[in-house]
């Protein structure tokens, strides 16, 4: 049982995190725009998260925290 | 039958030529001093010269001409 | 629940100014984690380059110098000679280190200065808007190689790590990449080693990190990682170039 | 009787200013003979360094530039780009090429500039009175290494030829010596080849010549040649470092 | 009186080219013109802007410090430059991305959903032309034809096919601010 | 009146150290002193020279342009500097290496076989001290003891053994120019 | 030829090519990057050669080599890069070679900033390099003038065998204005001194700045200064604007001269009569022109307007030589003076006088 | 402590060590080689560090690093080498770091020669680097003063966190004179700003010269200029010699000031009353002192005496500001003025006045 927390305001919508999630649960939230003007990344189905932290590892803007 | 000609005024008395002559006929003329203030090199027993031009080859100041 | 990933202490809270997906950010994060893990933040002095990473002095949570373009190794030398017990590192781009700063890096390496250099090779001048770097690949179109880099006139991309590896004073040089998780983890191990080498006083250590410039490459961040894998790594083979123990 | 040795045409009548027994003179003579034999005097442009050979522009009987200290490869690049059909060579000391000028030589070599460089390595700064060069041997006492060169603080002597040989743009690099007749003849063959490589447009060519500085080594000219043989050659192995055909 | 215009927005919104078109058109009409961009390491997403001056005689400083008109393509632009408008100045706001209203009441303000309209036209990238169309209509200082001529010169024959959609965008922008529809 | 001296010769003849000794001695005697060498990439065999000024008050330029004395250790030196002597100036020539005579007749000239004498003393390198001895004797501006004291300071204890031969050289030089033997 | 809309930096590059410049050696730096980019694109098309050098130091030495080989050649950079070129510039002057050096100035000192400034005036005009020397320094105030002065600059450089510097700033480099290029056909002078190879019989050519004998070096420098006298005589350029019965005359060049014209217009509206003296050559400096206007009774004083802490103001003082008060107003670090603020300053001064 | 006989270059090095300087980064060049040689010998003995850098560019950047780390540090070079340091000097000023830079000037431009000159005055005093900045420039005229000013120089540098330059020449560097070293014990100031490592809780230290926002850069430059005002206030040094009722006052520094004293003596013999104003600080320049003497009725005019084509003469003119005529006499390229020739020139001038 793991959890990822996004500091959305830091997100630049680069999508790198979405390419590395083994569970494919990281997606871009095209409905919202942060103050920087980007669609932030987010996680759907958090319960599937295994806390591997790949998303956080590849995020260039240190947006993601992972708990496990 | 060979011949070496020294442009004595150019000689700086470094003695390099005296170390390479297979016939050991190149020596420093300690009796004379050129206008630069050096004892010039010269050849004794020119008839022994085989015109190998080693002396000229190693002279840093291009003092020596060799004929053969 | 325990944190398995959080912002390293050796980073300030300041958000990076880098473009979306620029891997400068990943590399910053790795260095900061290594500093935390080695517990050397308090005695570390960093030297920032002139390049997109010029603001590194605002991101690394330790004492910092902002050097003149290319001169970081000289600045680091001055610092290290005064503070031999501190840890001194430089962070430099490929224009900074391989072009204008090649003399400084060659001689710092040759003197065996006990410093650690992180060399970020993104095959381009990012900050000034995408000019050719000595590391730009053959055929690469840039602002100053509009017809693609031509070896006849611009020469071949320079392999700095291989060149410096020929120098006696070098204790450790490795080339790494951050285009995927496995390589990011390798990169971190290499960077950690490069700091340990300094702590052990073995000599000069440098890690060349293949990095991206989505903005000036004209690609998306995701395409950029692919470009590193498919175009840069084949020319710039990863791995240890020199190691003394 | 035929002349078997005479002053080459590519030398002016001006007597050298070099110290007694300084092998700069031998190297000048070899270059001039090669220029004569290749019949290229009329299209050759030489670049003199700042060093004891600064007056080379008075000795080589062709058009000459006197470059800023260390910048001869950049000056030569400028000339060659304007005059691609001419033959351009630089004559540089070890302080000039390996220290202040290392950036210029690395990048001229990496660009594969079609120039020929004669690199005179006498392990010291001659003109300025015997300071340490990056090429000075370990333990060598100089004006700026009064206690002998110490690798801990000054690093090891730099092997420029081996380092440059790692660069793609280099067509030919060989290290030679002029401490005896056999080696002088070898040196001449190498220098000739380095000019031919340029004539064939193959790329950058450099010949490193181990040379003496009796004055600042504090030895007689004869002892100096011995020192080259016994101390320099063991550390700076002679031979071809790179060759492309 | 000289037109002193500030055009501002996100990097990708074409504010620079829009300013250049206007300047080019002014040149074609024989005016004294200048175009000055903000420059520097503004990374993607940052706000970019340019100053355009169209005058009948010699132009001094190309910096617009007292703007006769401002085209704000995004919110930061509005916040940053509203104050520089002279009293009675013209403000055109891209209401698609700006959900704030102007603060001042001594200026002439128009809110235009430029992105939506561009979307309708089938190319989001012509949002800037919609804004420009509104400006031309309101000021009537430069003929739309001059702008189109400039566009042709800039695009070159290869991009000839883009001309119609750009003209349409200009016209729709103009239409939105014709007296018929009142300032909001 | 100030002593303004030029000492000149080949590189290896110790003209620089000789000038330094004299300067040092002047300092020990509380005079204002200066020593100025020729410098640069003078390669071996080239001619070296130095200017020494010994004065009772402040010294302006350390360059000697109007010499009260010249010590010429070789021929080029004589040719180069004879003209710089003031009328009535003192010229000491090392006749061992100079087979020319002075041109001027308004100066006081002494020819000294310094090298031969040094040879006799068993060390060619003290030729300079022979010249210096003559100078001290003729001018009596500086005490030979001060010079010897300076020499001790310069040589250091390790070279103490060289003191006697140097003193001898000074004395022999002095002897050569004592009124007894007339100027040639 | 018709007018085209161009950035100042592009106009410089295009004008250089039109002037016959075929060789460019430079290194990237903001705010002049459009110049190398333009050259990289165009030079190969006209049989020239562009090199992005490994550094500014190398770039200026490549220029040194190419100029010695007889080519029309240029380099461009901005403040920190120009500092690195100082040794090379001194060499090029010493060796009497012609070339064009462009400095698109940014704020300093140090890394400073990238916005427009005029704080490299001293470096350009007094000589940032070592030794006694001068360069003709041209200060364009519009994109058109950037083009014109670049073309003239190459001619001046060749005429005197001395480098010429074009001193712009980030604003002039980045702004767009209409420009029309002179269509004069270029006749480059013969360069018998160039090292193009030495045919038998010919005298050898040597490019050199070393004169080990001080007498020889002094003679060489005196020769250079003869050329400088001729430059003062023939190359001094200045624009006088509205100086007739101006009460206060603004002295400004480049960007600040443009601002000065705004100030003059604003002042006119308030019935204040101001003039402008705009040095087009910063060296040689138009001291005689300034001195002439200083003598006029209507001239109560001068205001030097710079984007610096006050550098040209020294040359203005030297020109006025105490006959009238000389005031200074400046902004620096990339800040651009606002016409109204300058006018306010002038009003204060008027009360003072 | 007793007097010792030393070369000027050696006195500089010894004084630096006595002043607590433990780090030297330099590159060989005539005529200053005795300085690095002395440092290479002595620094290891006092726990310091000497590096012969790969170039002058590297040397000045090593100084930049060491100064930022809180050390008393210096470099030395001669004209061409100083030109290469211009970017670094501008950075050190921008980052507000203290250090000592010695220039033992030789003839220029270019490679020039190696004999003494004063032709780097502009570079040192006006700013050879880019941007608005100044350095205190000290001009010793004797070996004793070389020692004293070096020791003071480090204190001044620390006091203002700004580099200080000692401007000598080949003659001062090579000549020997008796020198006595001040035996004051050195108390170096605390340097809380130095990057020595950042303990938790402490504020981080950053050594930097980048201010990307022009407003910030302008504020920074204004802060620097506040320091410069203070320097003008507190650090200006000048020697006045025989100026009371002098008819013509010679203005000269360093070597030429020594020559001026000979001229004054010669003139006195002929009943001509001359004076000397010797700026000891070339920046800040003693303009008030010169202005004061210019007002005296006995002062008919000034003669600036330099080993250059005339550089300081501009500052003299600015100081006199037209109230009295200012003449110039100079030799250059390594030539040293002869007292009699200077006197002849002055006699001509007297007829003129």
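Read from first to last, the chains carry the letters A, B, C, D, E, F, G and H; within each, the first residue is number 1.
Here is the rule we use: a contact is a pair of C-beta atoms (placed from the backbone, for glycine too) under 8 Å apart; a residue touches a chain by one contact, two chains touch by 3 or more.
Not measured: the values here are computed from a predicted model.
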Chains touching both subunit C and subunit H:
D, G
E-G compared against B-D, more contacting pairs
B-D
What whole-Å value do you get for the distance between subunit A and subunit D if each is reduced to the mean of its CA atoms?
59
Find the geometric centre of each of subunit C and subunit F from their Cα atoms only, then give the gap between the two centres in Å, rounded to an integer.
63
Where subunit F and subunit H are represented by their mean Cα positions, the distance between them in whole Å:
35
Where subunit A touches two or more other chains, by residue
12, 38
Quick one: which residues in subunit H touch 2 or more of the other chains?
30, 49, 51, 54-55, 57, 80, 87, 91, 95, 110-111, 114-115, 208-210, 212
Considering subunit D alone, which of its residues make contact with at least two other chains?
18-20, 54, 66, 68, 99-100, 102-103, 106-107, 111, 127, 134, 153-154
Which residues, counting only subunit G, touch subunit C once they are in their complex?
27-30, 33, 36-37, 40-41, 44, 49-52, 54-56, 80, 110-111
Would you tell me which residues of subunit G are touching subunit D in their complex?
23, 25, 49, 51, 53-55, 57-59, 61-71, 73, 87-88, 91, 95, 195-200, 204-210
What residues of subunit C sit close enough to touch subunit H in their complex?
12, 41-45, 47, 54, 57-58, 61-68, 71, 74-79, 81-83, 86, 103-104, 106-107, 111
Okay, in this complex, where on subunit B does subunit D touch?
1-3, 10, 12-16, 19-20, 38, 51, 53-54, 56-62, 64-68
Quick check: in the complex, which residue numbers of subunit D touch subunit B?
1-7, 11, 15-16, 18-26, 29, 180-181, 184-185, 214, 220-222, 225
